[in-house]
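Same chain, two partners: subunit A is paired with subunit B first, then with subunit C.
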Partner chain A sequence: MDIRWVWESQNLAQRTLEHLRMFGIALALSVVIGVLLGLYLYRRPKLAPIAFNVLNILETVPTLALLVLLLPLLGLGEKPTIAASVIYSILPIARNTYTGLTSVERSYIEVAKAIGLSEREVLLKVRFPLALPLIAAGVRIAVVFTMGVVTLGGLIAAGGLGAPIQTGIHLYDRDIIIVTGLWVGALALILDGVAALIERYLRDRYGRR
Partner chain B sequence: MVGVERVLGAFGEHLVLTYASLFLSIAVGIPLAILSLKSKRLASFIMGFANLVQAIPSFAVVAIVVPLLGIGFTPAVFAIFLRALLPIVKNTYVGLSEVDEAMIDAARGIGLTEWEIIRYVRFPHAYPAMFAGIKFAAVLANSIAILTAIIGSGGLGSLVFEGLASFNTDKILAGSIPAILMAVFIDISFSYLEKRVTPEGIGGG
Partner chain C sequence: MVIEMLFRRIETVELRDVTKRYGDFTAVDHVNLEIIGGELLILIGPSGSGKTTLLRTINRLVEPDEGEVFINGRNIKEFDVVKLRRSIGYVIQQIGLFPHMTVKDNIGLLLKLEGWSEEEIDKRVKELLHLVALPEDFVTRYPHQLSGGQQQRVGLARALALNPPLLLMDEPFGALDPILRKQLQEEFLRIKEVLGRTIVFVTHDIEEAFKLGDRIAIMRDGRLVQVGYPDELVLNPADEFVAKLVNADKKFKHLDTLKVKDLMVDVEKYIVEVQRKDELLQWMRDKNIEFAVIVEKGALKGVTDLKSLLKSQDLEEALMEPLVFSPGDSLASALAEMKRRNAFLGVVVEREKPVGILLANEVLLKLL
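Coming up: the complex of A and B.
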């Protein structure tokens, strides 16, 4: 097997950059939207069951079906790929943010109130830090989802590492398939590992128990 | 327009593909979870492996199967099986192993054998977690079964890919809408099944 040939002929260095760029944009958007939605639902808990039910249904939609359904709206390429990644990733982040904010132990809140913190300060200085480990766990799930969707983006001309995988399958070229497939897999494991480390750090720093 | 027969045929293939892989994963996953109860080492190996493989994009798994098994229906079933197996093993094992020790002791006290304890004590308690895993696996299988059309599995995915190649929106819709309805159906039916099977007083709330 000629790894170098595959790497150069398929432009894997550039494909990897494209892949990580889409991944980065999608994940950043998901974190911002997810955390904000979680905060919003914390303020309006009555809406929470409806919002989570809708997101749960979206979550079951087959990835490729969602991608192709976004085509008429957003065209081919990066945009629908990023949009689909965000749609799948909002749920774990928003749900964990919401759960994290609402499940803070009463005694902490009471102490915070007793020393004279306002509602807003309780939220930002007590609830939010204590929710961080759970939020990070949600982000870690989103990392895995986003990696999967971005890889599929190759099928709708978004570039990234899905593109050479598609080429490999169409040419029935085992070298391209194995090298690119294993490389995407390794990349996914590395990113998941990094997310796990961050989650563990936050759990040690702010964890309960 | 896409002919109704074509869509129904593709839907049929999709169902066979999804459920064949799902049943295979259940048939392998549950015994594997029971085996993991017997050995701590096997359990930590399987759980570690499951967590690892779950992070790998489905498209990569589907692609890697091609050099190993070629293209067509069987390799597609194998790829879906690989992805669907993990949530089933993981959730079943967690459900089975998190039963209150006192309850196991009580069961032993009234003379149940190891197997009877698994069958009558551990399993009913594991149902909620197990069904959550199976539901997740079914949704996953339904999703990947579209994707495997790229390695020649047939089914609704082939309509999607044909539509994609020729920019034919009708074909894209004819392939993706039934798959989405299927996903919603799976979600509802498995939730219902879980409620029916779980004995009163266990899990759920």
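Coming up: the complex of A and C.
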């Protein structure tokens, strides 16, 4: 197996950058939308069951089907791939944000109010920080989802590391498939590891009781 | 930095006909109570008697269904609720230090929200740590790194951060073990003297009530049964319930409940401001007294007795540093301290000025 040949012929350095770029954009969007949605549902708890049901249904749509469904709307390439990643990742982030905010121990909220924090200050200074470990756990799940979807994006001409895997399949080239596949797997492990470290830090910092 | 408080000092806190119901359960039942500025009022009663609910109507954590609360004659509904609560310190049993904030951030939280600068906050936090007898380097610690007693001190410091004229305390020592509780009560008495502010204090422990309280309000089933000074409650209990609670038939069962000020004797006769030994000797002979309390500009300098005065070269040599107590100290621990140090007298000092003398023999005589 000639790793070097695969790396150079398939332009894996370039592909990796594309891949990480899509991953970064998708995850950033997911975090922003997911956290904001979680916050919004926390303020409007009556909407929460409906919203989470909808997200749960979206979550059950197979990735490939979702990508195809998005084609008429967003065409081929990066856009539908990022959109699909975000759709999958919103649920774990929003749900964990919502759960994190609502499950902060009552006594902390009571004390915060009693010593004279406004609703807003209670949310920003107490609820949100104490929810951070759980939000981070949601983001970590999203990291894994996003990595998977972005790789599948190769099917719809999104570039990234999915593209050489497609090439490998078309050419029946085992080396390309194995090298690229292992590389994607290694990247996923590294990113998940980084996410785990961040999660652990937040748990130590904000999660101790 | 000056903080805008709704009130600088408390004249009165008045609860008028306050009622709070939860469904069919009446937690507080038409309670009328006036708290006088500067006093420490105890709210005591069995669990479920409505004492905590009543306390919480004062900072509007509980909005009464009927009745109103007035501070300095103004209905508290007129005030902005956040401002009202920042003008009232609050300490609870579960402490409620925020686990994600350091000691400094916990104590300084309100200061920060009020827009104090970092240096001002630093300075104030250190002041407060000093007041509650914690070392300055605790600022960087997190609550989980502190013992229960230390957490409670930080909780008190946080409540005092903005220097509120009114303090609400809901069983602040309830979760501590008995020895630690006693120690913190003693310290709290000291802090209370220094601060001299109005405090409403909920407890279910009658010893604690007698030890800390100026007046005691007794609650049962949401109603106020009796309010009064400790001796009134002991001597004239309103009913069986009160009598039983204050243990009226065994007044001195607990030496613990007596304070130094209850049994100290007048110091006036023994106080003198002199510079020289012969001056003092003459004065003591004239007055026919065995010992003297020497002051300088009104502040305590030391004590001496005839024997040591005669033996020594000059006044400085004869001066001894006496045991010093404050009026609110527990009598029992004061006596124990005197016995341990083999001292026959202790000087009772308030704001550096001697206000009384504790004579071991006299105390024993009075107790018999």
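The definition used in the following text is that the second predicted complex is superposed on the first by the 207 of 209 C-alpha atoms of A that agree within 3 Å, B and C clash if a C-alpha of one lies under 4 Å from a C-alpha of the other, contacts with A are read in each partner's own complex, and residues count from 1 in each chain.
Criterion: contacts are C-beta pairs under 8 Å (C-beta built on N, C-alpha and C of every residue); 3 or more make two chains touch, one makes a residue touch a chain.
Keep in mind the model is a prediction, meaning the values are calculated, not measured.
*Asks:* Have a look at where A:44 lands relative to subunit B and subunit C in the superposition and call it first, second, both or neither.
*Replies:* After superposing on A, A:44 lies clear of both subunit B and subunit C.
*Asks:* Comparing subunit C with subunit B, which touches more residues belonging to subunit A?
*Replies:* Looking at subunit A, the partner in contact with more of its residues is B.
*Asks:* What is the contact status of A:200 with respect to subunit B (first) and subunit C (second): first, second, both, or neither?
*Replies:* After superposing on A, A:200 lies clear of both subunit B and subunit C.
*Asks:* Going by the contact rule set out at the top, does A:168 touch subunit B (first), subunit C (second), both, or neither?
*Replies:* In the superposition, A:168 contacts subunit B only.
*Asks:* Let me test your reading of the model: by the given contact rule, A:108 touches which partner, first (subunit B), second (subunit C), both or neither?
*Replies:* So A:108 only meets subunit C here.
*Asks:* Touching subunit C in the complex: which residues of subunit A?
*Replies:* 107-108, 110-118, 121, 125-126, 129-130, 205-209
*Asks:* Applying the document's contact rule, which stretches of subunit B touch subunit A when the two form their complex?
*Replies:* Per the touch definition, subunit B meets subunit A at residues 52, 54-60, 63-64, 66-67, 71, 139, 142-147, 150-151, 157, 160, 163-164, 169, 172-173, 175-177, 179-180, 183-184, 186-187.
*Asks:* What does subunit C use to touch subunit A in their complex?
*Replies:* Residue list for subunit C touching subunit A: 56, 59, 61, 82-90, 92, 94, 96, 98-100, 109-110, 113, 142, 144, 158-159.
*Asks:* What part of subunit A is in contact with subunit B in the complex they form?
*Replies:* 56-57, 59-65, 68-69, 71-72, 144, 147-148, 150-152, 154-156, 162, 165-166, 168-169, 172, 174, 177-178, 180-182, 184-185, 188-189, 191-192
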